[in-house]
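In this document, chain identifiers A, B, C, D and E correspond to the written order of the chains, with residue numbering beginning at 1 in each.
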Amino acid sequence: MRDPLLSIEDLVVEFRDPHRPGGVLRAVDGVSLTIAPGEILGLVGESGSGKTTLGKTILRLYEPREGRLRLKGLDITHLDEAGLRPHRRAMQMVFQDPLSSFNPRHTVGEALAVPLRLHRLCAPSDLAARVARSLEEVGLRPDFADRYPHQMSGGQLQRAAIGRALTLSPELIVADEAVSKLDVSVRAQILNLLRAVQARTGLAMVFITHDLHVARFLCHRIAVMHFGKLLEIGPTEDVFQHPQHDYTRALLGTLHAREARARTPS
Amino acid sequence: MAASRRAAVLLLTVLAGAMVVFFAMKAAPGDPALSALGENARPELVAAFRRLHNLDLPVGEQFATWISGALRGDFGRSLTLAGGVPVGQLIAGRLPVTAFIGLYALILAGVISMIVGTVAALSRGTALDTLMTSFAVLGVSMPDFWLGYVLVFFLALNLPIFPSYGFVSPSDSLPGALLSGFLPALAIAAPMAAVFSRVLRAALLEVMHRPYVQVQRSLGLSSSFVFLHTIFRNALIPYVTIIGLQVRYLLGGVVVIERVFGIPGIGSLMVDGAFGRDYPVIQACALTFLVIVLGTNLLVDLLCARLDPKARGR
Amino acid sequence: MSRLLEVRNLRVTAGPLAVVRGIDIDLDEGETLGLIGESGSGKTVACLSLLRLLPDGLRTEADVLIYKDRDIASLPEREFRPLRGRELAMVFQDPVGSFNPAKRIGWHLRTAIARAGHDGPWRERALELLDGVGIPQPAAVLERYPHQLSGGMLQRALIAMIVALKPSLIVADEPTTNLDNIVEEQILALFRDLQKRLAAGFIFITHDIGVAAQIADRIAVMYAGQIVETGPTADILAAPRHPYTRGLIATANALAARAETLAEIPGQLPALDALPPGCGFAPRCAQARPACAQPQPMRPVGPGHAMRCLLDA
Amino acid sequence: MTEASHVAGISRRGVLGAGAGLGVLAGSGWSGPALAAPGVLRAAITGYNVVNTLDPAAAALIPEFYVIWGLYNGLLKFDSQMQLVPELAESYRVTDDGALEFKLRSGVKFHDGSVLTADDVKFTLERLMDEATRSPNRSKVSALSAIEVPDPLTVRLRTAEPFAPLLTFLTNARTGTQILSRKAVQADPAGYGRKPIGTGAYRLRAWEPGQALKLSLFEDYFIPGRNRIPEIEIPLIAEESSGVTALMGKQIDLTSTAPFADIPTLERRPDIKVLKQPGLNTRFLQLNTRKPPFDDVHFRRAVSLAINRDVLVRIVLFGEGVATPALIPPSLTASYDATPKPLTTFNAERARAELAKSKYGAGTTGAILTWGSGWWKRFGEVVAAQVNQVLGTNLTVEVTEANTVFSRIRAGDYQAGTWGWLGMIDPDEYSYDLLHSSGWRNFAGYANPALDTLLIQARRELDPARRGALYKQSEHLWIEDMPVIPLFCSNVHNLLASNVTGFTQLPYSNFGDQFATMAIG
Amino acid sequence: MRRALRSRTLVVGLGLTLLTLFGVIAGPWITPFSPTEMDFIAVLTPPDMTHWLGTDSFGRDVLSRVLSGGRVSLFISLCGVGIGAVLGVAAGMTAAWRGGMFEVALMAACDLLFAFPSFVLALFMMVVLGFGLHNIIIAVALAYLPIFARLARNLTRTLMHEPFVQAARLMGQGGGRILLREILPNIFPTLLVQASVGLAFGIVMEAGLSFLGLGVQPPMPSLGVILADGREYFTRGPWVLTMTGLVVSVALLGLNLLGDALRDLTDPRLRQAAGP
């Protein structure tokens, strides 16, 4: 087995929640898993299962309470913002709501140029061309660079968001319900794009979703989460064919029922 | 648990407020003894003055004496008024007056804003709405003390309906207090009513567009039922909240208006104290206002908790 | 079965914008129509307009609007209001938002029960209703505030309120979209149960063709304010005719089959203020031809099956 | 609807609660002028809201005396023609050995029930004379060398030198010689100012500091009378204009002062009676001769010459007064010197010439201390404007609170201030007190041996005409040095509601002494 | 209809505000009279063609004084609100971003200042610092500091967890850069609304303090000083008080309308209840 790109050990994330006894919500509760380079790991579970929290903690957007995060063997669990900055490039994110993942006051072109400028990845004179190329890579015309987020559709923005994540040539992308807010007829476009991008660049991806169909389509491995705990993890078809956990079975049951009825409508 | 925590926070705030009030005043330039007695005052008189007002103690001890006295309602003696009258006595005599005027203004503002806000929301987009909204903006644009004078000019001097000056204590005569307090309360209430009615209008419109209102209409409930039980009731939450937030502005208005109308309340006492640099009086007044605001906030929070089940237990 | 609802050429406009551009709906008693469409296709607005629940600024027109042999288009609001709840009812997408957060569940049920004209103690009736929609410990639930219950529970409670009113037509607007998979499955089961228990007609709005497949007798697919295809569920799933319907079903099938790449519908949904002149789908359609720039009428393509497209015509 | 009325319910309870709380708390004090309680005279003191003490010996401010006059009596008093008549004394005479002998009325009772004796008179005057009392009016009695009490109803006063003003100083005016009860003072010497015990027609019932006082009729008052007003409420209204508003709105029946600007309007109103006459006062610019820039006589003269007093009267007083060439006001006819004096007559050219002689020039800065109520601030502003215009100086007005002004001027912590005593009744008070090197009101720090001698001579002179001549002479003497800059004399006013009768106004602006004769029609 | 109403609010608000600004800035060139020079001949003359708002008790032109006093009052309010806003926003944004004890302490301090009625706080400060122009500015700033600090902190906290800010962090942007570049432009409109409303209330506060005699001291004209003078001669010359107050009301009306219009125009996601 290859060395893991990212390894997570006994990760615990807590939030303050005055409504709960003890005043603490344990959103991620002792999760351990590894992500190999170039694999797509599906993180499935229902709302409140902690999958988004886990995804954002991997990126150190949240501070883990316990446990360890290793990026290519390097412990990044408690690096501060400055210490983290050199490693930020390696890990990017695509968010659920494409509109709110762009600053409404900046054009899409500016949004794509910032990381390039910040990490000095290209000469100022090449910036425009480089942004245009990034847009084209995700299937957008270069003239979208001058648009403001509210002037674009959800699908277009999500393409731009993927393009922005790719500018830094990351090794890992966390995609958090990246298609669930999109129109049904546009979802397939983005799923195809993600798959194509992964195939082309060989990056690893954590794909967070509640849609089992989508997870099964895209992911190499599946991790099932429930109430902050990791219930099971395994190659996609293993999990789908031979679920180990009762909860996984119940979850998959909804899928099978739907499929069955779709084939033989009442 | 929550209640005791709340009480602790409240007490801490009062204590911190007392410290701010006390030490800020101590930092003010000038010796209170000399400013009260004059710079050429004889040393033994100055010494006696300092002893009387505890000024001979170290500052920390002065504060301890002051705060422990304050807890018992003893705020020391006035430096200027009637040759050193106990400040606690002054405050006790005037607090009910300020409370009455403040409450009166609050009720007036509440009644006016409920009418204006509701009418504007229900007639949204029409000329009536524009009229009501304009009145609201105009109301918040008039300095309250100026409005007080204009009201006196028209409603007390030209049309002798209300008394032009002074105040009847409600303990002497409640109708008299209501009558003599009307113009000052109205002058304070006008800008408040403007703010309140805008908030109520916005809140009503906001609640009207909530899905549960649509659900209730889809069940065929009558519009008056939906308005009273759901729209108006739920709009009261932000409305009451804003009233709580605005109480501090309202009390600010009370200070000026009391002076303008010669109402013997805490506000005019504080202004007199400010003129005379009467530190004990100013400290006590500021602290009293602090306690009033905190008390009102507590009341508003309790009321909000009654109105909004989600806010309970917080 | 008798005809419950007949709608011809229903149009909803917001100022100069047409949100619903002339749709026809026929519904029999005991029948369930699945109305499929993406956000902005006008499906929700069309149904809200049937109950006259549209927000200010939206105008409804229809050539024919007949409910139970009554022309309800011309009814004044005073006479229409009693129909809401008792005859036409609606389940909304957001169960949490459907409840007045300041009132207990008991208050909501009491209100519904009173509206149903029920005599006698409301409490027993409420417990009975909650029990009927599968809510455990109904007595405790009556004392709860909405925020203390899960979305699934609230959706059940809302359904219980509607059951109390025994309406003849129930519009369900994506009632499971905001719910988790397992709960969604349970609510769908509850709807199927209701279909058996109540002799009501259902209009079930969804964007998920799989959900429609489970629950609907007939399906109508909406795109850009129009119904582009309608027919019996089995026919539509087995042999979709409109390119848009075909695209949706192909995508769903490809996902389920874990194909290498998904069948895409290229392009974006048209904006309301930039609708193409003829077929709304033409700009995204691989088979579009010049004639598509003309408005297309619904064409019958099979028994009870019609579509709005030049293909195969 | 239930929710709305619920809110109202809380508020209503709140109101009642506040009312009930007030009943408990307000027992100690007074809470404002009543609207129209029957049998209550609402006699407002306007322009002031500071009353520090009701001890005549300690009193300094005019509002304090306004009240004291109603609570106490002097041995003598002024009648409506400003003639001296006995009050607590039944009669008085000069004895053969030159002593002043007073026979007291018998059976006069103090508010605490004790009976007035000659011992109380002796106590009162000795207390006033005592340095420790620190009375602002000590100088009025400092000439006394002995006080004899031959019997309980006789008092003999002896002075080392003849002391002409003594009789006027024993009236119930702004004198501090109002007779106290020895018993009451000795019972609580420190707190006496808050619990005054006099022989007057009214006794103090309640005192809300800074706000109002309440008097009630003293049933055992020694002058019999019927239908006296049982209650007097004395609201203290800081702004004169508010006093007028209150009177016009019928919230008060009488005010002690009126804004000069409003007099013409008020005189035309049928529902208000305006009493007015030239007052016993002189308003002047108090200078501190120990501090720059007023330590230079030429600068002082320049300032005086730069002020046009007629304009001052018109602008500051709206015509309600007259310009005065020196300190002694026109009402004191025997001593008043009407001849214009060059140094107190507007002369821009000469002003600039004096400025040239002084060590200060154009651009000199200085602050005129004044207070924010009524016309005093205007007084300062107009003076500063005039002087700056003529001399090119940069005088500013410093506005603070009256008590502070008083303290600071008394302490010498000032450069200049608007000043002027109201209700001084003897030329000696306008001269000796203000300008004698040991005069107690000599805040200028002025000392002129020749003037000192002259003023003492005037004190000893018992003949009114010769005494008057001495004062006229003294004014020519000090005016060259200009330790104070005399400016004008203002009218005194009282405003009454038209149904109020029995108020006799005297030029020293009396007030509380009229309560006993007043009636509300 | 609503759009039209909104833009009408904007037009009227902006118009009145610009008129006010023009008046106070160009005041000396608009009226031929000096705001401080006394004319002892024309004392308390009613409004006429020469003196549009009449003269005051020293014969000074009321219009000139109102324009010049307006400048003083506006200056005080602008400086006070400006200082309060800059310091408050800086503190509030930093507190939200850094969290921890700094945030707790700052918010506790804000809560404490909030518990005093704002005018009482200002009055108190005037006693501590002494009367006068500079000290009113400090008092106004102190009254506004907690408002802006709390507002900026709450807005920043809301935006901090927005995906676009998280995206910025992932791109490797530093805290200061994110606050200035990503967050500030988005909260700025809301702060501007608060500032415009605050500017209006700052003027009222100055007027109130000076009206009582605790603020700006004569002969410097400020709106409060003019109103106080007008009150003194209200019976003889009611126009001084009435007209000055009317002008103040119109100016404040402009600011408040402008604030309303701006509030409507700002992103509804950021809308917050703002006090005066």
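The definition used in the following text is that contacts are C-beta pairs under 8 Å (C-beta built on N, C-alpha and C of every residue); 3 or more make two chains touch, one makes a residue touch a chain.
What you see is a predicted model, and the numbers here were worked out from it, not measured in a lab.
Common neighbours of subunit B and subunit D, listed by label, are E. Contact analysis places B-D first among chain pairs (by count of C-beta pairs in contact). Most remote from subunit A, judged by the distance between CA-atom centroids, is D.
Greatest centre-to-centre distance from subunit C is found for D, with centres as Cα means. Subunit A and subunit D have CA centres that are 87 Å apart. Chain geometry summary: the mean Cα position of subunit A and that of subunit B are 52 Å apart.
In subunit A, no position touches at least two other chains. Chain contacts: subunit B has residues 125, 233, 259, 275, 277, 307 touching two or more partner chains.
Under the contact definition stated at the top, the residues of subunit D that touch 2 or more other chains are 245, 248, 372.
The residues of subunit D lying in touch with subunit B in their complex are 1, 3-4, 7, 10-11, 14-15, 18-19, 21-23, 25-26, 28-29, 31-35, 49-53, 193-194, 207-212, 235, 237-238, 242, 245-246, 248-252, 372, 400-401, 403-404, 407-408, 410-413. The touching residues of subunit B, when paired with subunit E in their complex, are 13, 16-17, 20-21, 24-25, 27-29, 125, 130, 137-138, 140-147, 149-150, 153, 191, 195, 199, 238, 241-242, 245-256, 259, 270-271, 273-275, 277, 282, 285-286, 289-290, 293-294, 297.
Chain contact summary for the complex, subunit C toward subunit A: residues 38-40, 180-182, 184-185, 207-211, 213-214, 216-217, 233-234, 237, 244, 247-248, 251-252, 254-256, 258-259, 261-266, 268-269, 284. If you check the complex, the residues on subunit B that touch subunit D are 34-41, 78, 80-83, 85, 89-90, 92-93, 95-97, 99-100, 103-104, 106-107, 110, 114, 152, 156-157, 160, 163-174, 176-177, 179-180, 228, 232-233, 236, 240, 259-260, 262-264, 268-269, 272, 275-277, 303, 307.
On the subunit B side of its complex with subunit C, the touching residues are 125, 209-212, 214-222, 229-230, 233-234, 237, 307-310.
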